Amino acid sequence: MTDDLRLLRSAGARIGAALAVAAVVVTPLLISSDFWMSVFIAAGVFALGGLGLNLLTGYTGQASLGQAAFVLIGAYTAAWFGADKGWPMLLWMAAAMLAAGLVGAAIGPFALRFKGNYLVVVSIALVFVTVHVLQNWDSFSGGFNGKSVGGISLSFLVDFGDLSIFGKQFTPEQGLFYLTWIVVGLATLAVANIIRTRPGRALQAIRDRDVAAEVIGIRVARNKVIVFALSGAMAGLAGGLDAARVGFLTPGVAESQLLLSIRYVAVIVVGGVGTVVGAIVGALFLGPLPELVEEFSDKINFTVPLVDQPLLKDSATSEGIMSNAVFSEILFSILLVVFLMFQPRGLVGLWHRMVASLKRRGTPTDDAGPDIEPVATPH
Amino acid sequence: MTKKLWLVSALLLTFALFAAACGSSDDSGDSAGSDTTEPTDGSDTTAPTDGTEPADSGSDATVAPDDGSVEPAGDPEPAPGFDGETIKLGYLTDESGPLAILGVPLTTGSQIYWDYVNEELGGVGGRYQVELATGDTKDDPSSAVQEYQRLKDDSVLFAQILSTPPTQAVLEFLKEDNIVGVPGSLAGTWANEAVLMPNGAAYEYEMINIADWFVNDSGLGGVDTVQCVVSVNDLYGEVGLDGLEYAAGELGFELTEKRTMNRNDTDFAATVSALDQAGCEAVYAITVPREQSTMMAEAATQGFDPIWLGALPSYLSLLAGPNFEKFYVALDNPDFNDTSVPGMVDFLERFETYKPDSGAEPNSFFFSGYYQQIAVHALLEKAVELGDLSREGIANAMTQLGEVETDGLTAENYVYGAPEDRIPTSASRIFVYDPDNPPNLLTELALLDSELNDGYELGG
Amino acid sequence: MDKFLQLFVSGVALGGIYALIALGFVVIYKATGTFNFAQGGFVLLGTYLTYQLAVEWEVNFYLSTLIAVLAMAGVAMLIERTVLRRMMDQPAFTIILVTVGILLFLQQLVPIIWDEPGLRFANPWLGEVVDIGGVSISHANIWTVVYAGVVFGAFALFFKFTRTGIGMQAAALDQEAAAAQGISVARSFQVSWAIAGAVGVLAGVMLTARGGDALTPAIGFVALRALPAMILGGLDSPGGAVVGGVIIGVAEVLTAGYLEYEWLGANFSSVVPYLVLIFVLLFRPSGLFGTKEVERV
Amino acid sequence: MSAVLEVDGISLSFGGLRVLNEVSFALEPASLLAIIGPNGAGKTSVFNCINGVYRPFEGSIHLDGEEITGARPASIAERGLARTFQNLALFVNLDVVDNLMLGRHHLMKTGYWAGALWVGRAKREEHVHRARCHELIDLLELGDHVGRPVGLLPYGVQKRIEFGRAVAMEPKVLLLDEPVAGMNVEETEVMAGDITSVREELGMAMIMVEHDMQLVMGLAEQIVCLSFGEVIATGDPATVAADPEVIAAYLGTPEDAV
């Protein structure tokens, strides 16, 4: 009777989880390139921030374009405590989560007052204000000049910055890869657990019908504030890890941070809104995309008949219609629109549909899968 | 990991000692530094490396000794970015971000230079063809680091890293991997980094030069002129302002109104009004080109018509407009029509030959991308001569490079070496906007190296 | 006092541009009930089209603007027909994201077509200044205000007196009821997108055609600065968009003029629109002139 | 004070329009009270006042002797009041079990930390309450619908699930807002059976707003008739049905009258 309480209900899910763990363990053993490691660390960072955003948007229905602000806050807090003050890893991680979480909690009350469209703009405002503060709070952030994150500790039980297991020496990038994906794994487990228990159900109830949720005894306000804090904290931790990857932080301009926020949204849209693994799937799909374009650009240079030019420019100097960067951006925008239009449940939904259709072919029972849009933002 | 760190620090130490040894024999050189001699043939002073410092007893510090003679030291071994035939150079530039306006022509200028080397000289050392690989930083540290990681194992060095924040971000990695990088920006602090190979006069010197010129030589104003400044909010704006404030203090004038601006600003109504209301007669512009031109257009609409005194990045050769004839700028490069400068004649000729099909006119950004590669070329030639194109070999070559001749393309030649041994250029040419002098629409007024520069400490 | 007046006039002109952009946001919100981030893309593409005509092909400036206005109306209708029409029953956030995707697409499309990073675009009034009591007002600024006024007036007349306009208001209130009354919801959506595209061109031209190298793909995002103006005025109120635009524009320019170098930080003015917005919303959650959202159980 | 819910002279108005005028009634433990009246009489408004969605400007409401006037809905729910909605208010993307589990939200304690860690009480609690929900699903014969988002289920089933969710809250008082509205005859019978079996098994007090007079007469022990926000009759079903004022109020909608 309580079989449906298991985290991984089907054999397929269990195999999938085992494969995922194996992939994390094996990848650095197979790939030594700092570049690809860096790409996958970045994907892990996106997965972590996306996981938080999915909790907020996918499960609670709170629209936000502010995720980049929390990532920034986390990154700078990590740099301040981890690099400047030399705190050990767990402490700077906690600080990054706490700082971003507190800002999230402070935004929460706005979410009570503003819904849907207004909330989106308030979250955009958060990005503008955060960038402005970081640009100007020199003593904390280094202002416009940015801040070095050199010397940040990656050590807890083992030193991920100088990892050596069974005599196998790993590069710092490989160590950070392990650290990042361990964190992503733990966060995924935590989110999955929250979702299948009382607090997670409450969030979904708020998403589907907040007035009814209140009426059955769910403290909507309190839960919204908590979920903003949680989502912020996860983004903050993602920011801290990204700071360790990049080694240098600048606040950039608000518009570019807004683009980053959109990227986080795209990660969950493409992966699967309101699904636990959606953020990971989306991040692994979208994260390496520009790099793949860059890597395989020579394969895409089929000639366009009229102009007789390769489609892509390998560099800014060679001829072509568009640069690799522009191509991957345009691909990204098209993916976002196409997924929203034709596959709003993302890759995870696509997978479920495929599995369902395969099953149907085996046993001719009419078991049309659920096809309800999971994000139900209050209008 | 630790082994790598040891190796790098041992190497750096070796170079430092090396440079110290060279420097001591060369101490008399002043900032005009026209003697090309010492560093190149002083290179056989390898003795101190072993003797003085116990710390470098470890491993690979021995790369230094095998460069002893002027004779070619044999063909360089394949190394990251060098397969024995082709030398690959990494370019971290902005192809699609806010600085694409600079990044694209800069890289094109570089490409023109290497096309010339490949076609006409047969490549570096007459043998090795040079290829460019670009990574798009979008002027963002995160992308810059990612692109750095992508290119680093396939580049002997980074021949251009555009803009300050990406350079700062990549610097730690350059140090760790001991790869030489050429910043595409002129912040004076770069001169202090062993792995960086700056070009041209630092922004600080540019501002000191133009202030000195304006107050003392221009005949346009003096210390009593109401002078103001607009600077961009980043390291470039900051160091430029630092140089300017130093100059103001030394020359005895006030900066009446100080404004800042952000990259990507589009509305300058308030800035222009404030400058106008403060009665500014001359405005120093430590700004970026697109925004500068927008600000000047706004000034025109408000009927505000000061003298503008710009640093290199504030200027774009496309400038044209009703109130631009009072625009003065400190640049390194000579007048494009000055046939007395041999390097310029070459540049224009090579530009015609190798320019992209789109049919662009030569301008300062193509030019900057071009002339920056002269030093890179000299460095590669040196490394080939020393028979080592590995990272260590190139870093080593830089300590021995000495003065690089630019055939008059810079106001002064840069003398490379270990950081404390370098003699950065500090001279600038002052130009005025001149619509009748295409293609660059500038006419040279002066070439000067302000005396104040000697008293100014870069990165201080 | 001169400084204040000068800044105030500049602020009103900037506000006029914000109002023009915000009007584009409002018309779509009024008809469809969602945000259209692609408005920034209309501003962007429309301005480049105008540039292409007026500068590259040397067509008369006013004629260029008119052609671009018509062309962008068409482009916007096309986007509505091919993308948004299929998404009418989706949640608001999904639709917002689709429009964000369209914005990104247009933003990448433009540099493919026009690959110079910055283009100079000048209006015919460049450098023309009127001096009124010590305050110099550029013709460009006057035209901006005139444009905003004319567009707003046309809006008011359109919604009040034309069949389509009245139908659109009805469709926005209750799509089913409107359909039952024989009002074509699809048609009202299409018209609203066409108007948004057209208005975007005017806003973009006023924003960039001021002589500097101001025409870059980044202006698609500059349009986002008009969001506060729209929200401040009330999402569904054209009059509110104008008032909101002027308030935000004046606030931004005045803070830039008076608060530089304070502890608030450099370029504090760039966040002022958002701070004003949040402040006002805390007291009036539906903006100054917006329709109050009523919640039903 | 034996009544489990006491509504005492509450009045409500919206923008000067008086919706309720000094409405009073009392609900005896384990009984079923029906509120009837023509459309717009204020029946749903009474519910909204009781469960805290609206706040009456005068009068008081006591739940089990405790004043709940003006408290927030969540807090009233925690004190033992559940309701269903005239227009369904289910959590459409969740399945039957989760919807019922949400009904038990206030009976559970697991917070974010415990939930995330899935240890000790969180796990136990989840098992216990889930078992309870499955019992209820069996009682209401909803077993066939487990595992699918309730938004995809037929309307009649959704109505019953909403009823189940309210029952799962184990309230002292259950408010049913038109439980059989829009249902066909068979569905109505099933619903009536559900209501009866819940009363028999669990013995909770209920208030029902309903137009289906046949159902009302069959289930209710007491009827309150509202018209234009005022109570015009109170009493057992036979008395109220015979009340001339009630008949007058229903004129024009004869199909509702018995």
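The chains carry the letters A, B, C and D, assigned in the order they are written, with residues numbered from 1 in each.
Everything that follows uses one rule, which is that a residue touches a chain if its C-beta (ideal position, glycine included) is under 8 Å from a C-beta of that chain, and two chains touch if they have at least 3 such contacts.
Quick caveat, the model's predicted, so the values are computed rather than measured.
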Per-chain Cα centroid nearest the overall protein Cα centroid belongs to chain A
Per mean C-alpha coordinates, the chain lying farthest from chain B is D
Between the Cα centroids of chain C and chain D the separation in whole angstrom comes to 48
Chain B and chain D have mean C-alpha positions lying a whole-number Å distance apart equal to 77
Rounded to the nearest Å, the gap separating the Cα centres of chain A and chain C is 31
Taking each chain's centre as the mean of its CA atoms, chain A sits from chain B at a distance in Å of 38
Two or more other chains are touched by the chain A residues 135, 144, 211, 255, 326, 329, 376
Check: chain B positions touching at least 2 other chains come out as 96, 98, 100, 104, 233, 262, 264
So chain D residues touching two or more other chains come to 53, 85
Per the touch rule above, chain A residues touching chain B in the complex are 33-35, 37-39, 42, 135, 143-146, 148, 150, 161-162, 169, 171-173, 242, 245-250, 252-253, 255-256, 291, 294, 314-317, 319, 323-326, 329
In the complex, the residues of chain A that touch chain D are 1-2, 4-5, 190-191, 193-194, 196-202, 204-205, 207-209, 211-220, 226, 230, 274, 370-372, 374, 376
So, in the complex, the side of chain D touching chain A is made of residues 51, 53, 72-74, 77-78, 82-83, 85, 89-94, 97-98, 101-103, 105-106, 108-112, 114-118, 122, 125-127, 130-131, 134, 147-149, 151-152, 165-166, 169
In the complex, chain B touches chain A at residues 1-2, 91, 93, 95-98, 100, 103-104, 107-108, 110-111, 132-136, 138, 140-142, 145-146, 149-150, 152-153, 164-165, 168-169, 171-173, 233-235, 237-238, 262-264, 356-357
Listed in rising order, chain A residues that touch chain C in their complex are 57, 63, 110, 113-118, 120-122, 124-125, 128-129, 132-133, 135-137, 144, 211, 254-255, 258-259, 262, 265, 269, 321-322, 326, 329-330, 332-334, 336-337, 340-341, 344, 373, 375-377, 379
